[in-house]
């Protein structure tokens, strides 16, 4: 079994209202020195059997247009063999 | 400046409807061998200045009860110095 | 306690609260006096009971209710609730009560992933809480439901305890609209003064604007509970 | 090229500027140079380019739109007319209502969720900037075929975006449209309408008056959102290429907008504000130039004070940014402190960025240097005006000659039965609950009617019960067959829907969605539609209070169906006496009002069963439409009817099926002797409605209709006891009886959209 983790983050120029709200709360709750917070999504995908090149290619494709919206988000994909 | 990344994931015994929906889509779009998908959140927090122990302690506290809800979620925190 | 005929029921407005006016209107139709409470004001102004209304407090960013829980008014409210003050959380208010650990469990994204607004059938399961006194057990009612994150979850042990102690106050009938465990629509704390409910009884108090008037007893219940408490 | 100052521009007249890339034509550039007596600075060029774009300047449509003013009916109800952020009408008792519809078509194609969400956000701010509290939204939408792949991409996101934003703002969604047609594939239409209410004395306008008054920007920080979006997206077709852009997608923050609404209403009600304007397309460029040219005449702005989300933005970009959730207020200096306090209470950032002057110039400074110095009117109001060529399409005659009379029609009971079941499941006629269940219709506690009723109705005054009803409509197929009459038919339908609910139609807004104005045939459709709507509004005495034009809705050479969406607002003095569509009482009589002809051109039947579009649309007599309206309103007021529903797409059969499903109760119906059963079922003749009359009121009701010479035909009776289950039983269908069970009809009606777009609840 292989584990693939896909982090999806809003592109840096895109407004992140959630991140802003979290930043506000962190500061209000006593964390003084926060300069920026961005909130993203994380997908932990468990794949049966071994991870071959073809599957990986497919995963990249899906990460780039299903898991993330390329118009506003970037993704990062890493394999964590379990 | 220091960057702290907090990953928040639903506890494994909690049903994850979003992850399940993503799993369904991945399979429908041709990824055959997905055995499980979990969807979590990721917070990227930029801290001004150096990260001292006290701030780190505060960060753990906030990760454990603001950024995550301990009833249903676990968090993982790591420091990525920029 | 103020005079019961005009029991004062506080309705908290957080930034992003939406159904606060509706909750206040329901209180008045039920015969109470509504009192506006403000999230940033750490003062309950001597009200006899409090409603946490529906809406998207703080945009529901992060998690529903997660940020509201830390509002100044909540500190006072948690203490008062633990001391027996009747508190009713509707939808977002229910989420805030769970986040504040005044009620067990949590509310997560609907299993079908969509926001849903519908006229929902419920069965009342408990008429001993301060907010359900005026119902009969087994009574079927229809009130609006509208949420994106209304799936009630808790671990099995907690669910079993809720059932055993009669703390499930209402269950979804016909359809489970959000994947809630054991069709749970609302619960109370052990003492029965704190109640959380996902559907919106405040939108069912006037036949002109709601599907029914089935929601009204939630608001009259607290008035009669307060009255009974005084006697 | 950065930091191009006025001084620099005067000294370097020869510098080549990329005006063409910004969508500015050669002659327009020459005019800018003439106005300024020098070349524009880059910031000035940015401002002119965005303000003179099609979207902001209406340069192709202006010559036609002026008919709405020229043919304006005399109506005492108009308090504020065309030219402001939104028109305002008097609904009595000191109440005023403002409403407007706007398009966000292309952004929703690019990023469905955010495009639709920010469409709602934008129109809500327009309403807010009149001083009104937004009280409801509606969303007329158009998509490609329901089962097309791109529809699966855009529809769920658009619905989630409309819902996500409106729900989070706490505005009930009280109506809209979902229409499928192949021409919208690649060009979905997302129109958003907002209604706001206020007391007469609370009306505010966008003008910067009062020498020395402060210019305060409040709301979200400015980022690189949608820079150039307005001019690039709205004035050219979809090709990419051209200069690298900042993100053209704007992301909405409905939570911020909710705070902005509460904060804005509080500062307005506290009497602190002289003038107010929302920031929409063209952002600060638009707000400052419009405010200045509508007021004392001048303004000085320190642009470097604008709070930024992205510190790399250049002044040109700040001027053009379309970051959402921002407003601009003109505040007398003595009120600034109080103003700031209220903003702080709502956690809204407010910044004093300038002051009102009497120089007649809009001067913008950036870190001590002057980068803009222009007469504001030339930016805001004196944009180019095009007399675009137009001519009747060469194919129009052939289209109108291609009548549906040759199409095969059902001729037996079983054929008609099969047709009915198919039509009931047709995506355009099927229940839109999949969509509307994602919208909050209850919030604010004043919604009296919402989907699937004929109009959305909200109570305005809780004490007296005074309220308003709004409906938006347009049959694009009719408009294609005959744009002039198609626009009148759209107006008539919206007018009828409001009347059916018991409200008196009062005013009109519109969103004119068309293909490319550079195509003379499209331009003809546009000019005909505007002429038809203007004539219609004059005849019906319902002034146009505002609207919006969206051009370039086309893929390659193929334009969308001409789609002049018409919104009609009506007033009802007590919402308690509204008329809903469900019948309730056994024995109540079902009447069809109006005349039924063989009108199948452009009908849903021709479209769904035969994929045919041709012929001439139904005739429309607006005088008769007004009579029907009077009957419906009087019947509601005098308690003569228990239910009513208008007849439009899908004809009388669809109307009856919808009423029965809504009721859950069956009825016994019969086909009038003078009508072919199929024509009775599916003709789409205009100016008709089905009403339900209690027996005790039948005589009075018929007398009222007869007194006006209005055709009324008894076609059935409510009957829950016809069979073991609830049925619609139709007699006189070629001498036989056709029986449909409500359960089979419901199944067809409700299953279509979930089968295509995935299951939700219930």
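Residue numbering begins at 1 within each chain, and the chains themselves are lettered A, B, C and D in the order written.
Here, contacts are C-beta pairs under 8 Å (C-beta built on N, C-alpha and C of every residue); 3 or more make two chains touch, one makes a residue touch a chain.
From a predicted model like this one, the values you see are computed outputs, not experimental measurements.
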{"item": "Of A-D and C-D, whichever chain pair has more C-beta contact pairs", "value": "C-D"}
{"item": "Centroid spacing, where centroids are CA-atom means, of subunit C and subunit D in whole angstrom", "value": "36"}
{"item": "Whole-Å separation of chain centres (CA-atom averages), subunit A against subunit B", "value": "9"}
{"item": "Distance from subunit C to subunit B - Cα centre to Cα centre, in angstrom", "value": "30"}
{"item": "Touching two or more other chains - residue numbers and ranges from subunit B", "value": "66-67"}
{"item": "In subunit C, residues with contacts to at least two other chains", "value": "58-59, 61-62, 67, 70, 110, 112"}
{"item": "Per-residue multi-chain contacts in subunit D, two or more chains", "value": "253, 255-256"}
{"item": "Category of the chain touch graph - line, ring, star, complete, other", "value": "other"}
{"item": "Contact pairs between chains, per stated definition", "value": "A-B, A-C, A-D, B-C, C-D"}
{"item": "For the subunit D and subunit A complex, residues of the former touching the latter", "value": "110-111, 114, 220, 223-225, 246-247, 249-251, 253, 255-256, 309-310, 323-324"}
{"item": "For the subunit A and subunit C complex, residues of the former touching the latter", "value": "17-18, 21-22, 25, 28-29, 39"}
{"item": "Contacting residues of subunit A [partner subunit B, same complex]", "value": "1, 7, 9, 19, 22, 25-26, 29-49, 55, 58-59, 62, 66-67"}
{"item": "Subunit D-facing residues of subunit A, complex", "value": "10-11, 13-17, 20-21, 69, 71-72"}
{"item": "Touching residues (chain side subunit C, partner subunit B) in the complex", "value": "62-63, 66-67, 70, 98-99, 101, 104-106, 108-113, 151, 153-155, 179"}
